[in-house]
């Protein structure tokens, strides 16, 4: 958890979006973010990039939670289906590892706005040795 | 172009990321953004959400450029493959419509960091009547 | 169920792959297929197109199960992550609707080889009026 | 080219679909297939799995064409957007490598029915040592 919190804290984008790491461990990570006035699209809803940001990060840290110390994680690819507008906030992303692996980890994430599922993500993470 | 500029200007997220609309028209849109200190991931590279934000927006506005007045655009789904780190900036996203349609528009986008292609995106946009 | 069985029976590809409709209803569909000698890739495993075929069809029919009579379904887009080889068979695809809608339905599917999860799919289905 | 032809010939699915390898080399591969009576969906169009099969294979062999002898290729993930029905045939898939790499290769493919672009694919290939 501490390793993931440290990495999370070094991401200035997470701070810009007001995101916080709620929990992390054993292949599952939860991240929350409000819909700041600075994170909106043209109709005042949360921007798709906000939803992507926390869904992708929750996925990546879920993968990192299963890796050895001294490893880091890169997103190779991520697909998002947007289901409903991000209307109220806070948004909550729940990422988990579907298939761990030494070379690739496949992840899924759900993003909620209150009780409403607003996005699902399916992606691939790559473990890399920390430099 | 004015309609797209107006919509772009209403997206506070674009301003937060320092993004600007470079050109728009006839199914093709270009958006640029620097790698601000507030847009980074844990190693000081541009965050994947920055790359996604401008790639997705360039795709959406490319679709909007082919729609009648009084229509707006929503991202239904978007897939991004990340090819290289966003190391220097400014980043430049080029979005275009591959298949226009009344119900769905399929788009592709490329994101460059200088001359380096750092991401490709493939997605689906939905035209909706402006409320 | 009968409507879905009738549509399934008209798909010559399903017959070519030896696929059968196991169950259908209320947004969830199960399809099975053996790994025929005619459905293999270069190492004798089931071909990715076999896994895709039953995962995509289970997704589409899950969507159709929630539509009114007189409607049909088209795949707009589908993304598959392959997790493990299709080694033994029969393969079993379980498709379900994550977000129903009048214009678009978002689906997920899992494909199993025995107890092993070998693929996950996430896609978008479009309802169209039957001609 | 011979190495790719040999691998192609070992895929019984390609034979089942009537697919042929048209050209291969330097990160680009072309595969053609007719719309056989045994490859159709419920309205007599070519099945999405046929389009996927040749688009995915063209992508994979495009990646293999850039690998050393003794390597083989696996699809890690593939996303397809379907743009128009496969109405007449023969279908022609053109796959190419967008980003080569030692660990991952990112590919794109287009599938045509005559002059009509009917699908685009974007995916990730993994090099593995032949056993």
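Each chain carries a letter (A, B, C and D) given by its place in the written order, and its residues are counted from 1.
Quick note on the criterion: a contact is a pair of C-beta atoms (placed from the backbone, for glycine too) under 8 Å apart; a residue touches a chain by one contact, two chains touch by 3 or more.
Bear in mind that the values here come from a model prediction, so they are computed numbers and not experimental data.
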item: Most widely separated chain from chain D, with each centre as the mean of CA atoms; value: A
item: Of B-D and B-C, whichever chain pair has more C-beta contact pairs; value: B-D
item: Intercentroid distance (Cα basis), chain B paired with chain A, Å; value: 20
item: Chain B-chain D separation of Cα centroids, rounded to whole Å; value: 28
item: Intercentroid distance (Cα basis), chain C paired with chain B, Å; value: 32
item: Chain A residues counted as touching two or more neighbouring chains; value: 76-77, 79, 81, 106, 124
item: Residue ranges of chain C touching chain A (in the complex, touch as defined); value: 79, 81, 83-84, 98-99, 106, 108, 117, 120, 122, 124
item: Of chain B, residues touching chain C in the complex; value: 76-77, 79, 103-104, 106, 124, 126
item: Interfacial residue positions of chain A with respect to chain B in the complex; value: 7-8, 10-13, 15-17, 37-43, 47-50, 52-53, 56, 72, 74-82
